[in-house]
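Consider the two complexes below, in which subunit A is the common component and subunit B and subunit C are the respective partners.
Now for the complex of A and B:
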């Protein structure tokens, strides 16, 4: 690969007409190919994050960004009378529980996709990808129709002579179920990529040498599939930290999660500096986690080996 | 031993089936609600009617919203494939100095909660003095969807032998010819599935559209506004229709993929 990029450069200079203006430095073909995407991320991802950082230092309830400097927003967030830490705790709690539940739910499916379903794997994958393309509010609203009074569950139970279904809507448990439901594919597919890295022969060899199912799982499958499991865990955790639709639709706003707090600051209370400070804290939290985890990953190996 | 393996297979299949069922249950509930007569949903359904589907079809407002969604999704598909094609080459094809860092940068928007990204973009647009509309929504979608599509195309690029490009070069093909006659045809399946993902993810996206589309509405945004205030059975009707559109797109895309693969095998 290295020699290839050198030869690329050699042909470039060779085919260039002699009179063409020469740049002071030449980018490698890889860097040139990366430029459009880097530009998009600079304008559409990095710049907005810098904008909220700048806004977070503006005086509260003002739009005087970069004209005045104030730490009042952060002071307000960290003051004890502010209940925003409660939203933070809720979000972290939901995210942790989501990750644990999803790991348990998705593992057997990922195992099946890799080792059991054979030529049906493609079809089963499509079955599990498809809900991603249906807007989450449509799917979550379907659960409202299922659990609501006189809804599918309640109505069926009544028709069967019971006194009716349990009232689970607008509780924190329902919000958690909604998150588990929404983010299943984000755990399942990285996990499957990870399990695909486990050579089948290795499992067979371990079995022939007398290892039990549990031992194989603990000492062969999980360690070798770890990069995928790690990505799935991180992805679902981060997405669940930022999730808001579940709490709004299934939770009926009985619990305010952190993204909801940010949204309230940006919309109803028109306090952009405060909302920005909150968004900065969330970004720092998520960014640190993501960068720490990504550092340990070899993406070439995870994506390249098929 | 073999019996134990068969038992595992059975249990895994049963579990997968159960979870798949749960995955589709709410979608089915929506379809059921859209087909029941009467303004308020009750189960068991007393009478079915296609009234709400007809009214949804006839609504001019909804027609415009569907047009918005299609326009956004089409533009996002087109643009994200172009960005992601080159991005994927930088991600997986070339060995260059900043590649490892680039790979991680590309992942960051995927690992970022969309509601927060949407709000940050909203603030950024207003700081620049840009009026939010469906056009800003296209941009917001791109920030999230281009990285996803880049990964999808990159997987195809990993399986691609760079020696083929080199050989074409040695045989006298120009840079453009190499791209058109070697690189593109070989990467076509990856590009196609990337395009399919881009369309479907944009079509169903809610959090980014909510904050960055301004006064313009998309299908998920309209549905949400009616869910919060002013439920009518047109909500599940349009929701089910939008699901069917996604299913049709996926089916069509899958067929084209199959044809592409068959042609490249031949």
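Now for the complex of A and C:
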């Protein structure tokens, strides 16, 4: 993060002789250098968010932004008859399950990359990064071709004389599998970074002092790697709660997730204010969660500044 | 991530934002206000008109910068104009009722010169005989758009699993058959799904519905969505039909199934039911695209030129077989255009039954209580899982 300080005005005025022209406000060189970026963020990041916020208070199914004020969209979302909470629950459930599964899957791989694979770890890392070069939708359609009836798996098994492959497409289990597959790198690499911060000396010292493998893992390895694990967890949770392609392509919309509900509001329903209100609620939920997690996380330490 | 030292002020942020806005907005503001638009054309359309096959020859001929954005539902496109993009677009290509029933009354489009376009209608298929209802204003005095692609659009079956005869005779009741649960898909085309859920419930979609009819609609929506193997786009439906995952799918026709038929699966076929609950006992619905000039205060002169350009036999044939989906075009009434279609292409667009299917269909229309029905249907989708 760029330091956005201005010179300390209290000190300035105290040391200046009376009558000298006061500089009421002066940006530090760092802040001045950051201005273009701030401008870009204001236009590209803040402005759309503000537009969404403004739209969420417009009357339902209208375009009267800032011309009329209404809480009807929020009332609609919180009304008892509205079932949008189902989509929200599905998204949270999928995101939590994805995070837990990924933590279990990625930890051994991250451990291997850090402590075991040695000179092969570079190649293994590349193998995990490689799928990111291909569009997510294309990869998911690839999985459909693999699992579809008479597709790669089913067709091959039939050709070999078996009764055929399992019918897993268009189920919630398949959606979860797709999410775990898609977000693996986002858990793996922060976790690897976390584990790389664990000094070998400490592990050796713990072992010399009689700690067992389990105790070392619990009391040395995990606490020291925790910033990386938390960042991976947060990153995958935030990405997974907004995931929609897996539910659409692999799940055949057997489940409607919250991002899909937002999409429907903006397209077929043509209810931009309702979609905006829903987007605001989801953003608030994720934002609160992120801030809470970041309070427990010291980025400076993770990045090795102190 | 905390800001380590205090100091950034509200004023500096606002100054930064203002500078950023000026930099970002400046070029657009000036180009909108001052640029002449002789060499610029922006088209909002269904896919096909945005393809290089259609646009490149026009770009070459005029030396113009032509931009086309394709969307796959009418309400979104019309709302883009309502939301203030009337200054951006020159042409809008949507289905039949919107021009005369919505866009003209709301002054989102402007009329075409009748003298220049009437001769084109004379060369179209007989159903487009002048004055063609959907191209004209309500009072019949103004021409609101030009016509090209059209087709019947009800549902699609694999005729190796369900014969064409059975499908046409049983009609929408196929989706009420408990034996077919888990064997059908639903195309993700929600405006059409509203029509079709009404039809499966035995109710005419194009009228205002009673609470009892809405209750029947809700029950049908829940049941039909629950029984669907998958919901997806055209590619997903055709893939599932070809692989045998499903035997039929709700909402579909020439437009959706023609790519699969052209790929060598003629057993997949758009079906128009023989009878149904709509006006005249008709069971199918058809669509006809109407392309209009947007009521842009600074309309590009190329808009009219483009509408004339796509009427030429070769270009009309290209539009019919542009990437994505293949469709019949009104210009097939002109022998010079019709002769460009190969037998295989005619088979892909079900030319053999096109006339009878169009005759058995009512034309796409606006559902008065669409918003309510769509909300009910979306809620029904949520309880699938």
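One rule holds in what follows: the second predicted complex is superposed on the first by the 278 of 306 C-alpha atoms of A that agree within 3 Å, B and C clash if a C-alpha of one lies under 4 Å from a C-alpha of the other, contacts with A are read in each partner's own complex, and residues count from 1 in each chain.
We take it that a contact is a pair of C-beta atoms (placed from the backbone, for glycine too) under 8 Å apart; a residue touches a chain by one contact, two chains touch by 3 or more.
Just so we're clear, the structure is a prediction, and the values are computed from it rather than from any experiment.
Asker: Contacts for A:268 in the overlay, against subunit B (first) and subunit C (second): which applies, first, second, both or neither?
Answerer: It touches subunit C, and subunit B stays clear.
Asker: Applying the document's definition of touch, where does A:284 land relative to subunit B and subunit C: first, second, both, or neither?
Answerer: Touch partners of A:284: none, neither subunit B nor subunit C.
Asker: May I ask you to decide whether A:31 touches subunit B, subunit C, both, or neither, giving the answer as first, second, both or neither?
Answerer: Both partners, subunit B and subunit C.
Asker: Just to be sure I read the superposition right, which of the two partners does A:234 touch: subunit B = first, subunit C = second, or both, or neither?
Answerer: first
Asker: Who does A:64 touch here: subunit B (first), subunit C (second), both, or neither?
Answerer: A:64 sits against neither subunit B nor subunit C.
Asker: Going by the contact rule set out at the top, does A:89 touch subunit B (first), subunit C (second), both, or neither?
Answerer: neither
Asker: Look at A:294 in the shared chain and tell me whether it touches subunit B only, subunit C only, both, or neither; answer first, second, both or neither.
Answerer: Touch partners of A:294: subunit B and subunit C.
Asker: Could you say whether A:249 touches subunit B, subunit C, both of them, or neither, answering first, second, both or neither?
Answerer: both
Asker: Which one hits more subunit A residues, subunit B or subunit C?
Answerer: B
Asker: Between subunit B (first) and subunit C (second), which does A:150 come into contact with in this model arrangement: first, second, both, or neither?
Answerer: In the superposition, A:150 touches subunit B and subunit C alike.
Asker: Under the contact definition given at the top, report the residues of subunit A touching subunit B in one complex and subunit C in the other.
Answerer: 1, 4-5, 28, 31, 35-36, 38, 40-41, 47, 148, 150-151, 248-249, 266, 272, 294, 299
Asker: List the residues on subunit C that touch subunit A in their complex, please.
Answerer: On the subunit C side, the touching residues are 1-9, 11-13, 16-17, 19-21, 23-24, 73, 75-76, 79, 82-84, 185, 188, 190-191, 229-232, 236, 239-240, 243-245, 371, 374-375, 378-379, 381-385.
Asker: Quick one: in the complex, what on subunit A touches subunit C?
Answerer: 1, 3-6, 25, 27-28, 31, 35-36, 38-43, 46-47, 61, 63, 82-84, 86-87, 90, 144, 148-151, 169-170, 172, 248-249, 252-256, 261, 264, 266-272, 294, 299
Asker: What does subunit A use to touch subunit B in their complex?
Answerer: 1-2, 4-5, 7, 11, 15, 28-31, 33-38, 40-41, 44-45, 47-49, 51-52, 55, 65, 105, 108-109, 111-112, 116-117, 124, 126-128, 130-143, 145-146, 148, 150-152, 154-156, 159, 181, 184, 207, 213, 234-235, 238-239, 241-245, 248-249, 259, 262-263, 266, 272, 275-276, 279, 282-283, 286-287, 290-291, 294, 299-300, 303-304, 306
Asker: For subunit B, which residues are in contact with subunit A within the complex?
Answerer: Within the complex, subunit B touches subunit A at residues 1, 4, 8-9, 11-13, 15-16, 19-20, 22-30, 32-33, 41-44, 82-84, 86-87, 89-99, 102-117, 119-124, 127, 139-140, 142-143, 146-147, 150-151, 154-155, 158-159, 162, 166, 169, 175, 200-201, 203-207, 219-220, 223-224, 227-228, 235-236, 239, 242-243, 246-247, 250, 254.
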